[in-house]
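Before anything else, here is the set of structures, which you'll find just below.
Same chain, two partners: subunit A is paired with subunit B first, then with subunit C.
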Partner chain A sequence: MNFFEKLQALDRRYIYIVVALAIIIPLMVQYNSDVVTTPPTENLYQLIDSYAGRSDRAILISFYHDAATMPELYPMEIAILRHCFERKVKVFTMTFYAAGAPIIDFAINTVKEEYPDIQSGVDYCNFGYKIMPMITALGMGDNIATAIDTDAEGRKLANLPIMKDIVNYNEMNLIIETSGSSAGGTWITYARSKFGANVAVGVTAVMAADMYPYLQSGQLIGMLTGLKGAAEYEKLVDVFAAYRDENFPQGRPFSNEILRDPSINKLINITTQTQAVFSPQEYQAFLSKYPEQAVSLDNLKEDKDGQVVFDVTKISAEQQQELGYNAWTALNKKTYNILYKFKTARIGMNAQSIAHIMIFVFILIGNIGYFVTRKKDKKV
Partner chain B sequence: MSFETFSNLVAAFFTLCIFSFLYKDNPFYQMAEQLLVGISVGYGVVYSYERIFIPWLYQPIFIQHKYILIFPALIGSLYLFRFSKNLSWLSRYPIAFSMMGVGAGVPLSMHAGILVQMRQAMVPLETVNLLLIFIGTIAVLLYFYFSKAHTGIYGKFTTIGKWYMMIGFGASFGLTVMARISLLIGRIQFLVGDVLKLIK
Partner chain C sequence: MKKNIPLAIVMIGGLVWVLWVFIPHKILSEDFINNFYLPWIYVQAPFGVILGVMSLVMMHTAKIQRKAPKWQFSFFALGGLLITCIAGFGWGTQNGSPMMWMFTNMQMPMSSTMFALLAFYIASAAYKAFRARSPEATVLLLAAIVVMLAQVPLGLKVSKHLPDISQWILDVPNNAAKRGILLGIGLGGVATSLKILLGIERSYLGGGE
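Our next item is the complex of A and B:
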């Protein structure tokens, strides 16, 4: 029995072990890698971003899935919600699937932890579980408050502050459906065809091939494809929506030039970042914002190559208290460390890349083995 | 032990039960599989009762006294006769009413699924992509036209359609692999990150 014959007779359980290791190791040994964004993701990001700060625009996220497809769809939902909360875009959520209801709560609460100012009924509203997709989708084209009536907490929708300036699809002009099956079907058929609403989808990779015709015909304005789509969106949020400086205190608008600029590398590192680095001018500006903490900050800083550096891991709990919440948060932000929940898809994509290489090698070896064995059999 | 830790441990246990099928079928896998089915149904029933039956039927009839809703409720309850051999014909009445929805959906589905797609296939061939889509559409459609033998130049052109489909199947396969690996990544992220706290 030669090498290839042995491989073909290999117990499949050894292959499972190799697959598991190919995923576990890159997850535990993290490394920074870039995720190249694609037009369907960028288009969706730009449309949502164009609603930033507007009271007469809102988006709806329809969670049409259960826990089984969460690994691919949940990071998308987190990234979109984060984008909305960062840029003050009104966001509604709902599901036509009973098992999707707790996922909405989970997603909103997970993101909201980092945004204490965001309020239910003001900045976002969860419609919860609704039945009869067709009737609901058509009804919302006339009046959302009438079609939905009450939100998931039982509050009358018409009385909520978020509904000010929001009537129907003219205002809630973008519907994003995340689904592992017939994503966007209801919305493309009823909201898009009849009312001209913009529709986008977040789908599991296995469904993407079915959705491309809708994307190509312009019925979908954007699409997030599986874990890759989620990773792309996470990156865009970090580079633009979550970006802060003097010129852009509420995040900056999308730009292809910025995406190509190497300076964004420090914004998208997925390994744990612990050092806040300031140029002398930046440090002076920082001190002027927090003059009462100047002495504490001066005691904590280190000078490295003409830069002012803080290692946040060396700052004790007492010292953090001394700095106060605002200064400590601002200092932490300067490390550009991304919270785990906001980089899940990108960490997953590292493992995905290794797994794909491994599968490619399997296919290659399998094919070589097949042809070698066939040639040998012919000779016999 | 916090509730979060406890729930994570329960989820980790059942994840490992399901993964144990990779070794071979066993009682732990079967228990987890059947629990999943049972819990899903139970959750669906309770949630539908709370979120549909109570606010859409019970409260309007008994609190707001909208007695007209009794008629659709009665018609809807005829669905339950599916379980009776002799009276299952009664369940056709609510189905007949739901056909109204199908009727409303057909024109809009035609628009979204056929007319817009056709319109997009009739645009000027200004880019290479559009040309490729045009050739692919015609070639694949002709491949499924069986009233003419696939021979000669016609046969060669339909073979192009076959190649288009092969490329499509390859793309679908690649995306399927990606999706399945993503699901595994999600579970391992849960086990290694949320349960063991080894990912930061």
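Our next item is the complex of A and C:
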């Protein structure tokens, strides 16, 4: 048996080991990589963003999946919820899948930890598990509070502050279905064609091909495709919704020019960031916000290449107390360090990159072995 | 009588939906469908749950009694059902409840593990079976490689044109095939529905005729 014949007969277990390493190592050793955003993701982001701060607009996220597809779909849900909480967009959640109910709680609680001001029944509302998609989708076209009646906590929907100015699909004008199937079709059939609601989907990568006809025909206003779609959305939230400066205290609007600007690289680094870097002018502005902490800040700062730099890992617990919660949080924010839960899709994409390259190499080697062996057989 | 009444129910029930689509009038769409007709459909759900639980319990109990192959696993299925019910009914499903603990520490990792196995099978299949044996297989192979590489950030480093080529593959050949399939399914669905509504297709009534 020559080398190529041996290659053809390679034990599957070696392939499994290589795949396991190709996935595990990039998950553990993070590196920065850019995810280029695509129009279906950008369109969805922009529509949600257009509802920012409006009491007469809301979105609905329908979690139509169980834990099996969570690695791909959960980061999308987290990113969309984070966008809504950052930009004060009213958000409703529900599921037609019993196993999806705990995922909603898990997702909301995960994001809510970072937004102490966000309240259930005011800024968001979980309808919980509902049966009969068709009836619910049709009923909400008439009146949401009648079709749903009570939320997951058993509260009468009509009495909740979030329902002020929200009646039906005219106000809850965007439905996002996250699923590992083509279940988004229910909303296209009933909510879009009958009531004109905007529908978008977040699907696992293997289901994306099924949804492309709807995307191309305009029946879907946007689509998040697998882990890549989630990574794109995470990036948009970091660059726009979570961005804060003097001019944009509540996040900045979407712009293609900003996306192409290299200056955004510091906002999307997924490796741990520990240094808060200020230009001298920025530092003066920062000091004017926290004049009582000026002495402490001056003691902690370092000057590097004309910039004022703070290494937050070098600041002890006592020094943090001295700075106070607000100044310490603001300093931390200036590092642009992204919390792990808000970058899981991008970390996953790094692993997926290596895995895809690995599969490509497997296909190549397998075919080389196949052709060499076939040529030899023909000669014989 | 045994046949005519069910046939009439199906015909009337089906025609109501046809009228609802083609006659967008308040009396039909709101007063009749939304307020009277739709709430009846909710009745199905509790019966579905009862039927499901009964079927699961009866099947696994019988398996244990007969000592069928791998009957021991039926204890886990029944135990899982019982424990989940007790946790859900007893403490609810909110954060911090036993149900949520089971979900995050058992169901989530186990389900994700099952789904993740797909990566290993795909890699193995790619190596063992994805061969350019014919021109058609070669086209499929090339399309798969382009789409796969274009999906990841490293693909851009290979060529900046990869995403455009991948998008063309998805938008044109993929969509053409998908539309053909969807139209076929749609036309088949309409034809079958009409046959049922008009009483031509009666196999759902049973009776072996």
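Operating definition for what follows: the second predicted complex is superposed on the first by the 379 of 380 C-alpha atoms of A that agree within 3 Å, B and C clash if a C-alpha of one lies under 4 Å from a C-alpha of the other, contacts with A are read in each partner's own complex, and residues count from 1 in each chain.
Convention: a contact is a pair of C-beta atoms (placed from the backbone, for glycine too) under 8 Å apart; a residue touches a chain by one contact, two chains touch by 3 or more.
Values in this document were obtained by computation on a predicted structure and should not be read as measured data.
By the document's definition of touching, both partners, subunit B and subunit C, reach A:19.
Once the two complexes are laid over each other on the shared chain, residue contacts for A:228 go to subunit B and to subunit C alike.
Of the two partner chains, subunit C is the only one that A:33 touches; subunit B does not reach it. Looking at the shared chain after the overlay, A:131 reaches both subunit B and subunit C. Judged by the touch definition given at the top, the superposed model places A:139 against subunit C, while subunit B stays out of reach. By the touch criterion defined above, A:352 reaches both subunit B and subunit C.
In the overlay built on the shared chain, the residue A:10 is in contact with subunit C alone; subunit B does not reach it. In the superposition on chain A, the residues of subunit A touched by subunit B in one structure and by subunit C in the other are 16, 19-20, 23, 66, 68-71, 99, 101, 131, 135, 138, 205, 208-209, 213, 216, 226, 228, 352, 355-356, 359.
Chain contact summary for the complex, subunit A toward subunit B: residues 13, 16, 19-20, 23-24, 27-28, 30, 66, 68-72, 98-99, 101, 128-129, 131, 134-135, 138, 150, 188-190, 192-194, 204-209, 213-214, 216-219, 225-228, 272, 340, 344, 347-348, 351-352, 355-356, 359. Touching subunit A in their complex are the following residues of subunit B: 22-23, 40, 43-44, 47-48, 51-52, 55-56, 101, 104-105, 108-109, 111-113, 116-117, 119-120, 133, 168, 171-172, 175-189, 192-193, 198-200.
Across the interface of their complex, subunit C is touched by residues 10, 12, 15-16, 18-20, 23, 33-36, 38, 66-71, 99, 101-102, 105-106, 109, 131-132, 135, 138-139, 142, 205, 208-210, 212-213, 216, 226, 228, 349-350, 352-360, 362-363, 365-367, 370-371 of subunit A. By the touch rule above, subunit C contacts subunit A in their complex via residues 30, 33-34, 38, 41-42, 44-45, 93-95, 99-100, 103-104, 107-108, 110-112, 114-116, 119-120, 122-124, 126-128, 130-133, 141, 144-145, 148-149, 151-156, 163, 170-171, 174-175, 178-179, 182.
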